[in-house]
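By written order: A, B, C and D. Residues from 1 in each chain.
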Amino acid sequence: MFKGGFMSEKVAIVGVAQKCGENLMDSVRGLAFEVTKTVMDKVGLTREELDTVVASSSDYWQGMGCSNVFHFDAAAGYLKDSTKAEEDSGLALAYGYMRVRSGHFDTCLVIGITKCSEAPPIATLTNIYNDPFYQRPIGLEEISAAALQANQYMSRYKVSEEVGAEVAVKNLRNALFNPHAHRKMRATVEDVMHSPVMAYPLRELMCCPASDGACALILASEKAAKKFTDDPIWIKGINWRAEPYFMGDRDILENRALKMASQKAYEMAGIKNPLKEIDVAEICEPYAFQELLWYEALGFCSRGEGAKLIKDGVTSMDGELPVNPSGGVLSTNPFCARGAIRAAEAALQLWGKAGERQVPDAETALVHSVHGLAGQLHMVAILGR
Amino acid sequence: MAEEGIKSVKYGAIQLPYRWSIGEAGLKFFQGMKNKKIMGSKCPKCGKVLVPGRKFCSTCFVDIPDWVQVSDKGTIESWTLVTYPYINQPANPPYIIARIKLDGADSSFHHYIGEVDISDLENVKKQVKVGAKVQAVWRDKTVGDIMDIQYFKLI
Amino acid sequence: MSQEEVKTVREAEITLPYKWTIGPSGLRFFQGLKEKKILGTKCHKCGRVLVPGRKFCPRDFVELFDWVEVKDEGTIRTYAFVNYSFVGQPRNPPYIVAVIDLDGADTGFNHYVMGIDFSDPEKVKDQVKIGMRVKAVWAEKRVGAITDIEYFKPIK
Amino acid sequence: MVRKVAVVGVGQTVHGKRREVSFPELVHEAVKRALDDANLTIEEIEAVVSGSMPAPMEGVNAPHLYWGDDAAGAVLKPNMRVATCGTTGMSVAQSGYYHVASGMFDVVLAVGAEKQYEGEAQGTMNTVGDAHFSRPFVPGAPGVFAQQSNEYLHRYDVPEEKIRLAAAEVSVRNHLDAFDNPYAHIKIKIKVDDVLNSRIICYPIRLLDVCPQSDGACAIIYASEERARKITDTPAWVKGVAYCGNEYWSSDNDSVENPGTIEVARRAYKMAGITNPLKQLDVAEVYNPFTFQEMMHYECFGFCKPGEAYKLVEEGIVSRSGELPCDPSGGVLSTNPIGATAMVRVVEAALQVTGKAGAHQIPDAETAFSNGLGGANHLISVMILSRTP
């Protein structure tokens, strides 16, 4: 509620909680309560002290119209200014950030939630991302669109299929050290290459699973943050951008929206050389080759050189810029929750509380989330201590 | 208190009918399709020919009055062989979807590739290549629909 | 080239299957229905008995453990006489949906009220009154679903 | 202090059956009008927010990817979808406000749209209830709001007939006022008896108590104080913003003296410095999908005491010539493109305080109230605009 406060240039993450799995036993409502209660108890925030809630879920993924009605009071929203940013909790983070920054609210709960186990397949629900006339009948959906993107990438930059497999190997192995991860394994490039072809060149292990999960974050203004923690994680930069709708209108290898979003976020955070200045990145890579494309658009390397980063181990756990120590979306994909999970994982890294997946001495982290065919709407945030 | 006999999940469906308007640009484009022409619109600002043709340029945000016909031949920019099934799939797998740069267009067009032996991936890779030329195969009886083109074939 | 040649409106029906998880508290409630019991949960903070029984109190934001049985009788708080149809309607109109204050519960319970003469829509309101007492009519064969109560009927 | 934000441009389409345009084309129409109104180009828009009714209404998942990017001018810009049922238009409007209030952006576009003739509104509303407990008992919006209306009719020591008559007057007034609004959908001259004798849709709601289904889109451009003063001589300043949710189990709450509805107005008034709404507000665009809702809103919003809304109607206080004219646009009762509907309330409020409401202008309106309502009475929202900052 309106506190008559002052704009707060600085907004912090003061607490995170998540719960993910293949098939969680509780309802969306029960799950929302569980992660919300957990994060509030961890932070020591009562419902009375909470000012606003931004939830991210989706009517189609949940099988309910106005999906947030079902879970907003489970996310502590009763008689609160409780709103929604649909489809990607990365955008809920962005909206929550703006709400706190405006000075209207001191504390904000951001929650992302989806139980893919309850919903039709990802391809079914992303085929209807399309207009009914032009792209839908042609069978474009998230997987086939990512496959077209991957094949064009392979062709233009003379990259082999195995490079995509290496991304999967890295992330699925990282997931072994993340207790929240859904799909985890010590796989080899050969294992990935022997998994069934889904949409050439993408094979099963290069495509995200369908997971259940929820993730909650508590944001606080500079003034309020001090009440809850000595160690706030600051949102130093944030931006989000959309590509045009028609896939044919875009250069799906350039990903200008992501490039622009990251440049703006870097500018806010004062980052000039992302590869050097960022210590750890949690990015949203539902399809293996997208991780390479995102490296390039995020400015970790030049165009066409994403493959080199993965081959040289630059983005491995012991590399210069570890990407997705959590295992990323290739290991865990509760659709609308994945943006918030990236932010939670990045915050844990900066707190030094990431357990076995900890990157030593991480001071600055990058958070990325995306949804839409071939990466249509990207969000980038820079977190720091 | 035993919980046998109670299903822990409820199976159900959302089943709803729709009546979508194709709109002014859609009408022009699909009239073209009915006459076996692929129509694009040329943005007066950026000069790009966008296919399918539309009422406004989404980047420049200006109305597009000029419509131009583009070729039904083009070049494959990328392709994929889809092998997995899913609910409400518009075609039966396996099938090939391609990203095609039609001659005369500045945007890419997506459609199926047909007349290829798709029983074996390696075989497909030999036949379908990025850079290959393709041409639309039209239905005999066109109605003004995206599927008036059955698929594109390699030429 | 006339416009009529091309369909300007495209029609389709989309059917999407879901499997919604009931969750532990829902399971417990439906187990109750199977045994002809309506179960609520009592909040140890505000003291309200919430029906259907549930995992948490949204106001006090505490987890609830205290399950209590409420009566299958109550008072009509309000109702609507549904006399129109729509796609996806759960039952054929006409019918009545009501909010019922069950004896022993602090929240309203949503269900049908039937056993009313619907032949003249204008006379329905003379038969069903706010404040009227109603009782659950249980299904013979119960499976642990909200429809284990077929409807509520007016009682003296 | 918090940052001052103003509405500097508004646009809406003619609402009604808009078969001739596709969804993106309809949206584009409203956005162009807003840009023209503010005399801005799309390059000057820094970010976009869009929303519509629950996506199952459209048959398109995540429709911001489809029409929210291209048609709303969000290509390569920040864009997000905020969709909260009937409050969508207001949630989008408020999100646009917070975009600017945050200091991150100076000029932001908010867009709400719906093509109700393309989908099934009540079939979609039914899915707002969960499948286990509620869905069998959610008979679309009329069913939900009929229960609320029925409770209202019997709550106070006022003869049912008096309230029923006043509700009929509300219908007559809104449908008549719509004639003076060039964008309105249903414009009909009816008498009180016509309402009272119309078919029972969902007792106590009759056919003429119910809003129509419309196709339509609506857009608002917000600007920071500095930019607003350069863009227009007539900014409409955002003075009060509030949003409130009740519990999911709607029967846990009093649906008549509804805690969320009362609280949301209280907060908006507090921010706007309003202590006596009837005196200090010059016009109100209340969200009135059903006649009784308009009256319950008067009470929860403090225009009168509980149970006395019928007096406001009887005495003409809420008529165009009255002390607090309500819905001079014809309201939701005449025009209802759901995802845009609540935003149309804000737009109408902006038109009134800037003196641009044309034939339905309330003379010298300085401060205007607008609100939205969504879900099964789950979500309520308010925005107050003023001619002075």
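FYI, contacts are C-beta pairs under 8 Å (C-beta built on N, C-alpha and C of every residue); 3 or more make two chains touch, one makes a residue touch a chain.
Fair warning: this is a prediction, and the values are worked out from it, not measured in the lab.
Among the pairs A-D and A-B, the greater number of C-beta contacts is found at A-D.
Centroid distances from chain C, each centroid being the mean of CA atoms, peak for B. The mean-CA centres of chain A and chain D are about 33 angstrom from one another, to the nearest whole unit. Computed centre separation for the pair chain A/chain B is 29 angstrom, with centres defined by C-alpha atoms. One finds 37 Å separating the Cα centroids of chain A and chain C. Counting partner chains per residue, chain D shows two or more touched chains at residues 19-20, 24, 56, 59, 69-70, 75-76, 120, 123-124, 126-127, 130-132, 247-248.
Touching two or more other chains at once are residues 25, 27, 29, 60, 63, 73-74, 78, 118, 120, 124-125, 128, 132-133, 244-246 of chain A. Those residues of chain C in touch with two or more other chains are numbered 8-10, 12, 14, 16-22, 26, 30, 58-59, 87-88, 145. Considering their complex, residues 24-30, 33, 37, 40, 46-47, 60, 63, 73-74, 76, 78, 115, 117-120, 124-125, 128, 132-133 of chain A touch chain C. Per the touch definition, chain D reaches chain C in the complex via residues 19-20, 59, 120, 122-123, 126-127, 130-140, 142-144, 146-148, 150-151, 154, 199-205, 247-249, 251-252, 255.
On the side of chain D, the complex with chain A involves touching residues 1-3, 24, 53-57, 59-62, 64-70, 74-85, 91, 94-95, 98-99, 101-104, 124-132, 241-248, 259-260, 263, 267, 270-271, 374-376, 378-379.
In the complex of the two chains, the chain C residues touching chain B come out as 1, 3, 5-22, 27-28, 30-31, 34, 87-88, 143-145.
Partner chain D is touched in their complex by these residues of chain B: 10, 12, 14, 16-26, 55-56, 58-61.
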